[in-house]
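All remarks here apply to the structure that follows.
Chains here go by letter, A, B, C and D, matching the order in which they are written, and residues are numbered from 1 within each.
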Amino acid sequence: MNNPTKKFSWKHKLHEIIYEADTPEGKLFDVILLIAIIASIILVMLESVESIDNKYHDALYVGEWIITILFSIEYILRVISIKKPTRYIFSFYGIIDFLSTIPIYISFFFAGSQGLVALRALRLLRIFRILKLARYIGASNKLMLALRASKAKIAVFLFFVLIVCIILGTVMYMIEGAENGFTNIPKSIYWAIVTLTTVGFGDIAPQTPLGQLIASVIMILGYSIIAIPTGIVSAEMNKTTPDHDHNTQSCPNCLKSNHKEKATFCYNCGSILNP
Amino acid sequence: MNNPTKKFSWKHKLHEIIYEADTPEGKLFDVILLIAIIASIILVMLESVESIDNKYHDALYVGEWIITILFSIEYILRVISIKKPTRYIFSFYGIIDFLSTIPIYISFFFAGSQGLVALRALRLLRIFRILKLARYIGASNKLMLALRASKAKIAVFLFFVLIVCIILGTVMYMIEGAENGFTNIPKSIYWAIVTLTTVGFGDIAPQTPLGQLIASVIMILGYSIIAIPTGIVSAEMNKTTPDHDHNTQSCPNCLKSNHKEKATFCYNCGSILNP
Amino acid sequence: MNNPTKKFSWKHKLHEIIYEADTPEGKLFDVILLIAIIASIILVMLESVESIDNKYHDALYVGEWIITILFSIEYILRVISIKKPTRYIFSFYGIIDFLSTIPIYISFFFAGSQGLVALRALRLLRIFRILKLARYIGASNKLMLALRASKAKIAVFLFFVLIVCIILGTVMYMIEGAENGFTNIPKSIYWAIVTLTTVGFGDIAPQTPLGQLIASVIMILGYSIIAIPTGIVSAEMNKTTPDHDHNTQSCPNCLKSNHKEKATFCYNCGSILNP
Amino acid sequence: MNNPTKKFSWKHKLHEIIYEADTPEGKLFDVILLIAIIASIILVMLESVESIDNKYHDALYVGEWIITILFSIEYILRVISIKKPTRYIFSFYGIIDFLSTIPIYISFFFAGSQGLVALRALRLLRIFRILKLARYIGASNKLMLALRASKAKIAVFLFFVLIVCIILGTVMYMIEGAENGFTNIPKSIYWAIVTLTTVGFGDIAPQTPLGQLIASVIMILGYSIIAIPTGIVSAEMNKTTPDHDHNTQSCPNCLKSNHKEKATFCYNCGSILNP
């Protein structure tokens, strides 16, 4: 009768280590996972560089196996330590973890050359593991708050930018035409976005005087309206920054806080505040 | 005698559906129109892509007829449901609606190949229908207010940018000359705008050391003065953001104002505020 | 004895028209001058476009003579209507006016082909007349105040940007070398400025992995520090915008103004303010 | 017995001149050093320009010897005037000073052609002497304070930008592939940084429609999130700007604070404020 309790507590302990970061073991697990993720991403990058892959193919192959085994263990531990395994398995990260771990096993058993190319692509999904690092940022910080608060305004702004780009892209397609690189409307819209956002690749550039005039308008427009998202976020950041007009006092009678800096009486119950 | 009233009420109902969006039918009409506009714009885009046009020419042709008939019905309904049809017909949207609907009819009756090219261009005007979507943004939002309030300052800024570009463009024309791509002054001004707005296509780039020096000055200038519109809009956004935390009440006893939104007692003298 | 007085008053009148803008005649003169300046600049631009110059050479030549005669008259009037003509003649605008008017006369008398090219360049100086438009902006507006107030900070910022560009340009010269377009240090610094300001022409681009890594650092640096001038000007604009904390009341006793919004007593003499 | 004291005082004097800038001699030393540093940097730049180096090789060689001798004297003086010479010698500036002075001596004694190339590169380190100019900026100014205060937020932002670039770079590598210039993942990430920061060299540009679509997303993202560092710094600048208009006094009668700088009477109760 002792055994199941023990097993449960063992599972509970494991859950604490893997899914939480409050205990020293949990932190250690997090640090090891962090290093493994970064190592795996560097590995993926190096493999994609042909010259490095040719030279150190075997070392990279071994490294990939090590990483894969580590992630396999992590995957199995995650599955067995959670109460409802399906909740993890079908979560976004669960799918990413599975898809980015499995390819090398398949390539080991079915050493066909055709399928391997598609599998390699699958292996690149491992890059999404980097999103796990995102939770170290701390979702509750002011930046995210400011961004979330100005979400609606930014959406309106992006919608406006998109309409401008669609119209100006079409106009440029009419003016410049296929002979100057504006081969179709989607490509012209792409060019308008490249120009409005002041990126300016230069792979497509207007050649006619009229086209250059409209391009100038787009550029100056893009240069000016960049002020809008900045203004939105700035205003929002100013708001979320602690309000210097309110002090941290709380009323000795009704315990309400957030009084005005200069207040001598509580705004809620009217009793005198401590000076 | 009942008939004309009925007809009028029928017209009135139609007007409500088409021009307003308060009734469920009006909202439904808006949603359908929205979808039709987006569909028509996607159609225009797809037709401009040669490879897609070659493959799915017939499907696109059918799609265009469906869209055209829908817009024709909309056009007729708009004309008959309004009291003074000319007010709609000669409005901006009326002209756009007419010009973007008519080409396919003409091409059907006069199947001449020459005129068709010009007609295709006319069909592209349909893109301006997208502007109709703009009214869903809500013109009264803060962003527009902030922009409108800082209109004069932004105009001064743009005027300043233009003068700088004209002078520096001319100077670059003198220094670099036609052999380095600065073939004439308007083109040099175009290049100065491309550079000052930090777009930098790279289709024209200074080759002489002196030209590169002046280009550096233009770039650093452009990089610095982008702060100006941003500063303008930021300051304006800060102003227009209403202070949600304070109401406009004033204390009946000491006449102090600027109380907190939920205050029941004056923060200054402690007397009860009017509810 | 009447004559000199008359002459003086005539001169005085002329001075009022030309140098001031308070009388209707003065405003008219300003408007005509404005149009003439813009016309002359457009003329200079058109002449620089070879295809237009070839087609409408005679019309442009006539236009230039008209503009030149107008500016000659203006120049003479300015000289005779001012008390100390030398003060105008040797001022910045006086020199610009003279240098931009004289070339066509010289080319008329000495029709040598060699000197003409240099003279044409001189004629381009007319572009600086556009600076005269600058006075319509109003030098006392807030934007200029904000810019002037943050002059020192912006200078520090530009100095910092320059040091960064010099160091990173040299580093890139060492890494990439002449074979990848970084032929010498000044050119590499030019490239660093192009990159840091996010212009990115692309005429020179790093080819080695290490060079691309450092380029990435420069780009992210440039992308981040653009916030600094913006922050400076924003903060300054916020300061110069009318302080909502102060009302426009003035004390009925001591006439001091600029009281706090909530003030009931004058901060200077202690008497009760009108509510 | 007098001698060591004298020597010490002579050393002390020298230390004052070289390491401090409070005495007139110290300031003079600083100015001379400043000029020498700028001259040496200009020299390094000019030498790197092949055409100038070919023409004025001898003059540049002499100039370099003069600079080198000056810096050698400075180096020796710095070493002998400091109490613990090793503290200077192994400091960052000590190493830079030594490494940037020594090459010309070595090339004089060992005139081998092979080593010279490496030595030339070493000479370029002299550029880091420019960092000495940085101390004239004054580290305590508000800009640095604002930047230091927002360090953590900016780090979070850069971390976020990097994750976005790594993911989008990998996605672009999958979509575009080596045939369109995205030869490996690090290069694709480099391209993503080039695009997100709105630099846009154009040496690599997406060719497939899907690639251009994702590029558009990256560009609009980059165009929008530039608002974040700006917002951070703006908010910080607003905070650090001290409110010059209000003092920290409080009224002896009603205890109100936040009085105007020049106030003599309380704005609330009218009683005299303590001077």
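The criterion applied here is as follows: a residue touches a chain if its C-beta (ideal position, glycine included) is under 8 Å from a C-beta of that chain, and two chains touch if they have at least 3 such contacts.
All figures in this text were calculated on a predicted structure; none of them were measured in a lab.
Of the two chain pairs shown, A-B and B-C, the one joined by more C-beta contacts is A-B.
In summary, the pair subunit C and subunit D forms a contact in which the copies contribute largely different residue numbers, shared numbers making up under half of all those used. The interface in A-C, B-D or C-D that matches A-D, meaning over half of the contact pairs are the same by residue number, belongs to C-D. Here the CA centre of subunit A is 43 Å from the CA centre of subunit C.
The mean-CA centres of subunit A and subunit B are about 30 angstrom from one another, to the nearest whole unit. Computed from the mean C-alpha positions, the centre of subunit B lies at a distance of 31 Å from the centre of subunit C.
Within subunit B, contacts with two or more other chains are made by residues 157, 186, 198-202, 222, 226, 230-232, 234, 238, 258, 268. Taken chain by chain, the contacts link every pair, so each chain touches all the others. Those residues of subunit B that touch subunit C in the complex are listed here as 153, 156-157, 159-160, 163, 166-167, 170, 173-174, 183-186, 189, 195, 198-202, 205, 209, 212-213, 215-216, 219-220, 222-224, 226-228, 230-232, 234-235, 238-239, 255-258. Against subunit D, the residues of subunit A that register as touching in their complex are 41, 44-45, 48-50, 121, 124, 127-128, 130-131, 133-134, 137-138, 141-143, 146-147, 154, 157-158, 161, 186-187, 190, 193-194, 196-203, 222, 226, 229-234, 236-238, 241, 261-262, 264, 275. Interface residues of subunit B, counted against subunit D in their complex, comprise 198-202, 230, 234, 268.
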